[in-house]
Each structure stands twice: as structure tokens, then as C-alpha cells.
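Note that chain A is present in both complexes that follow, paired respectively with chain B and with chain C.
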Partner chain A sequence: MSEKRHYLFKSCVLGAYYPKVEECLRIVFDRLGIRYFDDPNQSSCTGHGYHSGIYPFKSTLEVNRRNFSLARDAGCDDIVTSCATSYATLKEVKNFLGDSIEVFHGSDVIHKNRDRIRGRLEHSLEGVRLVTHHGCHYAKIFYKDVKVGAPEHPMLLDEIAASLGAEVLEYKERGLCCGMGFRHLLLDQEYCKKIAERKLTSMKKVKPDLILVHCPGCLLTLDYFQAILEKETGVEFKIPVMHYAELTALLLGASPTEIGAAAHHTKIDRLIERIKG
Partner chain B sequence: MAIGQESLSEVFEDPRIEEIGLRRCLQCGRCTGSCPATYVFSEFSPRTIVLEILEGRMDDLLKGDLIWACGQCYTCHLRCPRGNSPATVILVLRELALIHGYATDKVKEIAERCGRSMWERGVNFYEEGARELPVEAVADLQEALKKGEYDSFLKRIGADLS
Partner chain C sequence: MSIGIFLCECGGNIADVIDLGQIKKIFESEGFFVKTDEHLCSDQGYRLIEECIREQGLDKVVIAACSPMIHGRRFQDVLASAVNPNLLQIVNIREQCAWVHRSDEALYKAISLISGKVERVKRSLPRTHEKVEPYKEVAVIGGGVSGITASLSLAKHGVKVHLVEQKTTIGGHTVSIGKVFSPDKIAVECALCSLAPIMSEIYNHPSIELYDLSRLKGIKGSKGRFEVEIERLPRYVTDKCIGCGRCRYVCPVHVPDECNIGMKLRRAIYTPFPQAIPPIVTVDIDSCTKCEKCLDVCEIGAIDFNMQKELIKLKIGAIVVATGFKRFDTNRVKEYGHGRFIDVLDQMELARILAVNGPTEGRLLKSSDQKPPQRLVMIQCVGSRDEKIGNRYCSKICCMIALKHACFIREHFPETEVLISYTDMRTTGFFEDYYRNAQDLGVLFIRGRASEIVEDDNILLVRMEDTLTGEQIEIESDMVVLSGGIEASDGTTEAAEILGLSQTEGSFIKEENPKLRPVDTDKEGIYVCGCAKGPKDITDSVIEANAASSRAFEFLTDEIKLDTNDIRYEELIGEINGIMQWKRESEDVILVFLDEQVGYRCADNIGAKRLEYPANIRIIMVPTIRTITEKHLRYALHKGAKLILLGLHNSTEVEIPEDLKNKVLTYPVYTPYFKRLKEVFEKIE
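Entry: the complex of A and B
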């Protein structure tokens, strides 16, 4: 990972649905003194469209050749994404273009700095029991690059959560997709509901206070579909879901307004009150 | 040439296929056994999709709904003992289905909706007040998109960006 400034790669899902969560990686980096470049000219990597099958490979290559060039013009040797699909899409493009730029996920940076974060915490997750869900596009596509835990059992978020003071719980469907399914979220959503239900049901069995996710798409799916599933099946979930950058920013002292707590479909207010004491 | 045969050679010409073990598939079914989409849509099987390609039956695949059932979680890609990647193969098939006009109207509709958002604002999704690219950057992005033949792709699927 470069010691120079990182090229901060913004997510289109966060930008559209949780714009304040997008700010959280900046909040964390600012508090830790990690240098980054936030480029207004960076476009979407097209990853959501690409994995929906509605965006051609060749166009994806050219769009990201442009993004790589913007990063290099800004003097950055690496890109840090807030999204697991951006992470995988940029890595795939980098390999096909033979580009030397390095690609990291925001959680890699937070994990690397977890001891420094622990020293600056304004709140702790002491007494909070949580489950983690790692993005499939982080753990399963470039599986040889999973350095913490194993591709079938990544531990990156678990180690981050433990260093923040939480108790991390295992659950049976840990490796299952969140249910977002790309083209499924955009169209009929049957896949989203069935898979999210299976995932949330497995999580609920271990009674977590929080679901910690890795990716904007997983945040959206596990957050948004809880109320819909409750209406359709009568089963109540009401488990708060938070993105890793959002939780870290909160613990470093960011306010609920700063992290955009109000954008969540499944309320996170009570959990925040509990954490803030 | 029978319908689909041209597409069959296009599958093997795609640079993504060179990177994976499509021809090494031994039909063990580990992909289908691991697949969340098979759990939801019992008629969907990544193993069968790979078999159809290896046996040269492209027609039904491109015209049907099955290639659109995959949720792109890549569990098949992770677990395949032969380095094949059914999830990647499916992306190649989806692209061909759209280019050759076989995709359903619903799929064309989302391709057009997301395409418009990307072409005009540089993001896959846009909600009122959300981040979008500055005007000068959009012009620059459109040059990159043209280089990637995105404008001709949109034209082929009948997307009207005017």
C-alpha cells in the first residue's frame, strides 16, 4: 500500500442512496491523517451495470482506463474503493490492461490502521454483539488476494470489529451472498428477497445487535429488504446494518447526522444511542 | 450457419474466456451445488449452461431467461476445481444476448436506464441531489465511452439517448 496519497474511489450506490456513508471513509482518513485525493471527475467503474450484464466489457475497460489515468495524474499509485464491486471491477480491468496501479478496498486501509484507530476511539463497541458479511466481490473473485482469514471465511471485518471492542458471532450462512444480485435488484427482486431472507434468518438465530457489511450493495440489500420481508412473511428482523466506514467514523466521534443515520431503512438510532452512552 | 453458431465462436474469442478453464470443465456440478440462484430458480444450473456451450447449443441460452438468473456472487468461480468461472461465462453470454437482440425488453430497459445515467452523469445510479460528474468531465468520459464502443452498443440495443 502506497505511503503517498490514495485515489479515493467513490461508489455509485452510496452516492445515490447513502451519500453521507460515502463521506465516512473521508472522515476516518482525515482523523487518522491518511492522505487521499477526492476527484470530482472520477466516474463510476460501471461495476454494477457490468455485473448486471448490461454493460459491455470493452466499455468497462475504457471507462476505467480513464479513471486510472486520472489517478495517475493526481500522483496516486493506488486506488482505494469503498465498494467491493468497484474493488473487483478495477482489479479485473487492471489485469487486462496490464496497468501497474494497485487497487485496495477501504477496509484493507482500516484493518492496517486498526491499532491507531483503537487509540483514538471516542466510543467503543464493548458489549455489542455483531455478525459480519464480507462482499462476495471482495472475497470470491480475486480470492488469492484475501490475506486475512480465507476466501471461504474472510476475517477482515471480524478483526476490525474485534479491535473496536465488539463480540463477533459466527452464523451458518456466513458465506452466502446478501441477495443483491445486480440485475435482480434492478428488475424483479425475487432473488433479492429469497436470498436476503435466508441470510437474515441465519443471522437472526445468533441474536446480533448489528450486521457489519463490506459493500454498499450489501448495505442496501440487507437494510432495505428487512421491512419488505417483514410485511410479506410476518417475520420481524429489525437488525441494524452498517457499512464498515460508517461504523468506524461513528466510533471516532462523528455524529449520527455526519454518518447519515437517517438514510437507513432499518433504524440504527437505538444502537447509536447505546454506543454513544 | 445455424443461429447461435456465430455466437459460439464469439464466446471463445472473448478475452475473458482465455483466462478461465471453460474447456476444462468436468461437469462435477460443484458450481450448481453452491449456487444461490439455483436455490431461488430451480431450473437454473451453471453446470448445464457450461455444458450447453461445450456442446455448441447457444441458441436457447441466448434467447432464454436462464442466463439472467445468475446473481453474480462468484461462488462458482471460487469453488471450481478446474479454474472455470461460470459467472464470467454468463457475463459473456449476457453481452452477446443484448448485442444480437435476444435479450428481453425488461433487460433492454435497464440497459437503457443505466446507460443513460452513465452517459449523461458518469454514474450507474442517480437520485435527486446525488453526486454526478461536472459537465467538462462528462464530455471527457463520453470520449472514453466511445473508445469502448459504448455508443454503438446502445444503438444496437435500440436505446434512444436523445
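Entry: the complex of A and C
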């Protein structure tokens, strides 16, 4: 990872559904003194469309070739994405072009700085039991780059959560997708629901206080599907879902408004109250 | 002085790319005798060269053919009566020319390389090889089944053998396996019953010196006259020990027993198993509490806590590397939960459970509740043929191990159902009988690779896709056995590093030629056998061990020729001159100096893989990089070389004069990393 400033790569899903989560990563970086460049000219990686089979690879390639140029013009050697899909899309383009720019996920940066974060915590996750879910686009496409844990059993979020003081629980469907599935979300939502139900049911079994996720798509799916499933099946879930940047920002002292707690479909207020004591 | 140039078509390998007729014309016009042949390496080829030498009265010969690494020595030996070996030079127009460049570029490069060797032999003088007597002793590194076999075979040939084993006993993995599969009959045999007598023979053989708790530390000298250094850790028990075992009963320490892969306990003073060789106890000093109770009961006074580690120096002629494998650590495949779920085992753990001297005394019981399993699922290819883990190779023996255990369980514990999930069942030759036998015994086979194992209400669910039906399935089971693959042992990588041997992708030791010299390494006088070379079963290991001992014996019986490719100052000047004479105006020639043992072979590998690189790269082989002097460098630059690249390895240091530093570059070469060297060739400017 470069010591120079990172090119902070914004996510379209976060921008649309959880605009404050993007802000959280900046809060964390600011508190840690990690330099980044926030570029208003950056365009979407179009990974959402690409992985849904709507955008051809060629246009994805050209859009991101431009993004790489913007990063380089800003004097950045690496790009840090808040989203797992941007991470995978940019890496794919980078490899295709043979570009020298490096691509990291925001959680890589947080993991690397976890000891420094621990020293600055205003609140701790002491007594909070959580489950983690890693984004498929982070762990399963460029599996060789999963440096913490193993490709089928990434431990990145687990180690971050443990360093924040939480107890991390194992659960049966750890390796299962959240259910979003891109193309499926557009064509066959029933299938998505089935997967999300399997995932959430398995999580519920170990009674977690929180689901910690990695990827805007997983956040959206696991957050929004809970109420829908509850209405259809009558089974109650009500498990707060949080993005790693949100959680870290919160523990570093950001207020619920600053992290945009109100944007969550499944309420996270009680958990925040508990953490804030 | 008349020089003959022989051009080899190598079938079409060379002639299809390079217009040899053109080369013939050019050199004939310069007054040389030139002859082209389809296969110079054939017997007719040799005779052709010999006839030409006699008829034409040639005194020096240049052969443009494949790499000198392949037939160079052979040409020199066969034609020795017609031409002095030092007056015969090989030009590599295959690996470093026809296979890596386009036609027109290759032609031009071939001409300049031939010219280089012509100018070299012009300055060569006849030389006789210095011959030495090798030391008639062999070091065998590793005391597993391969090392044991090689040692005994050499000892029976009358050679003094030094057998170096890092553990407290010889026997290797074979002793832990318990039961072994046999190729000719569907039978499981007791491994130790076959091995114990041979181990004892090793111990009692007058020509075999056994070094237990020892490791290879260093090597000096060259082929035939090696000096190796061995570090031997103290056993804290002297040879006076009669193995009565009284000390074991009084020792209060209980630690996991390595021989039962931690499934049983042993004491701090112990023998790993009753048939261990040497048959004396050992103190595990790391777990010993120094209570000295053992001292009280040992009437002979064999225990000595003051023993120190020794450094032993041996003078030996040849080395047999038999450093074996290590079991793939199945914990690394997190989705299978080995280490997380108590009833998920690997095949070696199952072998210990099925062994009469194992933790359950041979009864098939689950670790969780000490009850027999109802359904046991075996998962094949764990850590083999697996890109995610990084082991692309097949570990070769896991299919047979699974079948052996599956058949044994069905025969002795028929109440347990056995399923094997496989990628491909590889039961070559007569092992197919085993496969059929397993099917007859009701073992079920499902084709597909398990994706994960999850636990639900104490039931292990093995999830996979049955790739024959395309269905996703979950198999309920209460015991899962992972068929972990084979990796190069730490001893193998260590030996490769110390001895400077090439390695294959999995860090196993690479043979000189996989077909014709399968147990020779790329260093003369050093041989390799068994799993140090790659995964294989006991039978193959024994065959290889015998082959390696026979090769070592051949080597020691002959006189040894030293440094055949030594090059004099003027000879190297000649070669540089010859190459640079053919530099075209517009061409930026880059001269690359590579040593014979490592760098040159690395460059040959690029050719063997047919990877293209720019033709302005001209490679000159030298015995070692130190052969090159400052004068050579200045001469080459003076003659128009744009850049010079020196391939370095093994912490070779060269002094490059300050003013040449931007013209003379260095690069660390390593034979297996030929793709990187190719990239360097492409990028260098």
C-alpha cells in the first residue's frame, strides 16, 4: 500500500442508499491521518451493470481506463474502494490492461491500521457478539489476494471486529452469498430471497447482535430483505446490519447522524445506544 | 588450421525456422568446410562428423545444434579420438535461437553465434582433462523407505554409506501409515512388518554409519570430492542403552506422540515405536522437566544430560537425496473445517485409528463420542490439483490410500457406510482391481469436489455438486476423512538450497532429464529418489532408490573429469569478437553472460517453452561468472555491445568498475524462474 495519498473510489450503491457510509470511510481516514483524494470527476466503475450482464466489458474497460488516468493525474499510486464490486471490477480491468495502479479495498486499509484504531477508540464492542459476511467480489474472484484467512474462509472482518473488542461467532452458512446475485436481483428476486433467508436463518441461529458486512450490495440485501422475509414467512429477524466503515467511524466517536443510522431499514438505534452506553 | 562447421537440422526443429542453406553458403564463402545433416546426434551423425574430420583433415570443429547441455558432452566424448574435446564447440541454435525467434532474426543470430564459436576455437588449444579419483563414500540424506533402500543397496555394492536422518529413528512416513497397499494382490500389508527387518539390517551393517537427529548443514568441494558438514543434535542417551524401557515408566511428562500424529501421548524420554532404529531411547529435551527420575532407574548409566550437539565433517564422493515429503496441512482448506470439527480427519489420522498400535487400538471410533461412525465420507484432492491452494499437481497416491482404507473399513466394519467424493479416480495399472473391489464391497463413489463441510446438530453435512447428474447435494455424515496431498518436505527444500539443486513448481527436486536421467540432479554426483522428487508410492520410491544408488555407484567407479568447459581469457575474447563481427548497423546487441550450472539452463528453459524474446540478446556460456574480467567487459563494449547483462546466483559478487555501471547490469538467475529471465530480456534497454 502506498504511503502517498489514496484515490478514494466511491460506490454507487452506497451513494444511492446509504450516502453517509461513504462519509464514514473519510471520517476514519481523517482520524487516522490517512491521506486520500476525493475526486468529484470519478465515475462509477459500472461494475453493477457489468456483473448484471447489462454493460459490455468494453465500456467498463473504457470508463475505468479514464478512472485510472484520473487517479494517476492526482498523483495516486493506488485506488481504495469502499465497495467490493468496485474492487473486483477495477482489478479485472487493471489486469486486462496490465496497468501498474494498485487496487485495495477500504477494509484492507482498516485492517492494516487496526492497532492504531484500537488506540483511538472512544467506544468498544466489548460484549457485542457479531457475525461477519465477506463480499463475494472481494474474496472469490481475486482469491489469491485474500491475505487474511483463506479464500473460502476470509478472516479480514473477523480480525477487524476482534480488534474492536467484539466476539465473532461462527455460523453454518458463512460461505454462502448474501443473496443479491446481481443478475438475479433483476430477473428472479424469489431466488435471491431464498438465499437471503438461508443466510439470515443460519445467522439468527447463533443469536448475533450485529451482522458486519464488507460490501454495499450485501448491506443492502441483508438489511432490506429482513422486513420482506418477515412479512412473507412470519419469522422475525431484526438483526442490525452494518458496513465496516460505519462501525469503525461510530467507535471512533462519530454520531449516529454522522454515520447515517436512519438510512438503515432494519433499525440499528438500539445497538448504537448499547455501544455508546 | 582448418575448421569444420556442422549444421544440424534437428528434424525440422531448426531447419524449419533457420535457412541452413544460407548459413552454409556464407561460411563456405569464408573458406570453411560446412556440412548439414538431419540428426547429428544420431549414430550416423557422429560417424559423419568423424569421417569429415578425417577426410577433410579438420583440426577444429564447430557444431551448430541443440543446447550444449543436451549433447555437448556426448559429442566431445564420442569424437574424442578424432578431435580434442576442447577444440569442439557447440553453438546453441535451437533453445536459444530457432525456438525463441522469428525466422529472419533467428538466421542472423545463428550466423553471429556460429561466428562467435569459430573465433573461439581459433584461439583454443588442445587440453587434456584433469582426472581425479572420487572418494568412495556416499552420503544418503533422509532415512525413509527411499533412503533406507538406497543405503542398503550401496552398502551391498561395497560402498561406505553415511545415512543422515533428522528424526530419532529411521523409517519415515512408512512406519506411521500402518497398512500399505500392494499392487499385485488386493491385500493390505503391515508396513512395519516389511520395513522393520530392513531397518535392523541398516543398523547392523558394517558399512553403514547412521547419523540420527542430524541435518545437512553445508557442502564444499565439487563432484566426486565433496566435503559435507552434518549437524547432529544430542540424544542425551548413549549407545550403552539396551532399550529396557524402565526410564519411560518413571517419566512424569506426557506430551503428544508425533508417531501417532498427536492422537496418543508419550513420555519425555521415549522410543517412538518398539521397532525404532537406533533401538535406544531419546530424551525430548524441550518437554523434559529435568526431574532426573530416569537417571535413578537407569542401571547402566546410559542417560547423559551433558551431551552436546556435534558438527561432523565427511569426505564423500556422491550424495543421494532422499528427503521425502510432508503431508499437506489440511487445516489450510478452511471450508472443510479440519481442526474446527472434531470428526473431520485426514487420511493419516484415519490410518492411526485403524492401526492396532494406534489411539483406538484399531477400532474405528469417532473422536467425539467413541462410537463407530454410521457414514464416513472421504474427500479426495485436498491440497492437490487445487489452484486456490497453489498446488496444481496430482499427489498420485491419495486415490489408492482412500481405496485401501475404504476397503478395509467395509471388510472389518461393515456397519459403516463409506462414500468417496472424487475428482477423477486414478488407479493406474493393476490398481484398477482395487477400485473394482471397493465397488464390490459397497463403497459409493460420487464425482465432484466438496465445496464445504458444515455442522448442523452434530451432523456433518458435506456439500457438493454431483458433477455426473449436475445436482447440488448435501451428504449427511458423522465422520469425514480428507485425502490430503503431498508437499515437498522442509528437508527437501533445505537440501535443494544447500546443494544448489533446481526445483520443480512444488519445490520438489528437479531431475536432470525426466525421461532418460530421472534420478540424476542437475549437479553431477548428486542423485535424488523417492518423494523428494515428487509424489509417489512406496514401490516407486524403492525402484527409484535402487536406481539412484546404482547411478551413484557408477559415478564412483569411474574416474572423474573436472571442469571440461573451462574457458581461457583469449577464448572468451574470441567468442565476443566473433559475435560482434556480425552486428548490424541498426542493431543494439545485448551480450548476456550466463554460467553453465544455473543461468544457461534457465535460458534454455525459455526455449524449451517456446517463449519468444528479442533476437538482439546474445548469450555466452561461461563456467562461472567470475571467469569474466574487466578487460572482457571493456572489449565487448568497445566492439559495439550496447549493454552487458551478467546472470548472478548463490550470492556471487562481481566487481563492476564505476564507469561501466550504466552499461553492465546484473540480474539474479534461478533455473526454475525462466519466465522472469525472459521478461528481463524483453525489457532490458
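To be clear about the criterion, the second predicted complex is superposed on the first by the 274 of 277 C-alpha atoms of A that agree within 3 Å, B and C clash if a C-alpha of one lies under 4 Å from a C-alpha of the other, contacts with A are read in each partner's own complex, and residues count from 1 in each chain.
Following the convention adopted for this analysis, a contact is a pair of C-beta atoms (placed from the backbone, for glycine too) under 8 Å apart; a residue touches a chain by one contact, two chains touch by 3 or more.
It should be emphasised that the depicted structure is a prediction, and the values quoted were computed from it without experimental measurement.
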Q) Which holds for A:K172: it touches chain B only (first), chain C only (second), both, or neither? A) second
Between chain B (first) and chain C (second), which does A:Y143 come into contact with in this model arrangement: first, second, both, or neither?
both
Max touched-residue count on chain A (chain B vs chain C) belongs to chain B
First, second, both or neither for A:E152, with chain B first and chain C second:
both
Practice task
Applying the touch criterion given at the start, work out whether A:H184 contacts chain B, chain C, both or neither, answering first, second, both or neither.
Solution key: first
After lining up the shared chain so the two structures overlap, which partner does A:F57 touch, if you call chain B first and chain C second: first, second, both or neither? first
- Message: Is A:A16 touching anything from chain B or chain C once the two structures are fitted on A? First, second, both or neither.
- Response: first
Chain A residues contacting chain B in one complex and chain C in the other 143, 151-152, 175
Per the touch rule, the chain B residues reaching chain A in their complex are 14-16, 36-37, 39-41, 67-69, 71-75, 77-78, 90-92, 94-95, 97-99, 106-107, 110-111, 113-115, 118, 122-127, 129-131, 133-134, 137, 140-141, 144-145, 147-150, 153
The residues of chain C that touch chain A in their complex are 332-335, 340, 388, 451-452, 454-456
Residue set of chain A touching chain B in the complex reads 10, 12-13, 15-17, 19, 22, 40-41, 43-44, 46-63, 65-66, 96, 136-137, 139-141, 143, 151-152, 175-177, 179-184, 186-187, 190-191, 194-195, 198
The chain A residues in contact with chain C across the complex are 143-144, 149-153, 170, 172-173, 175
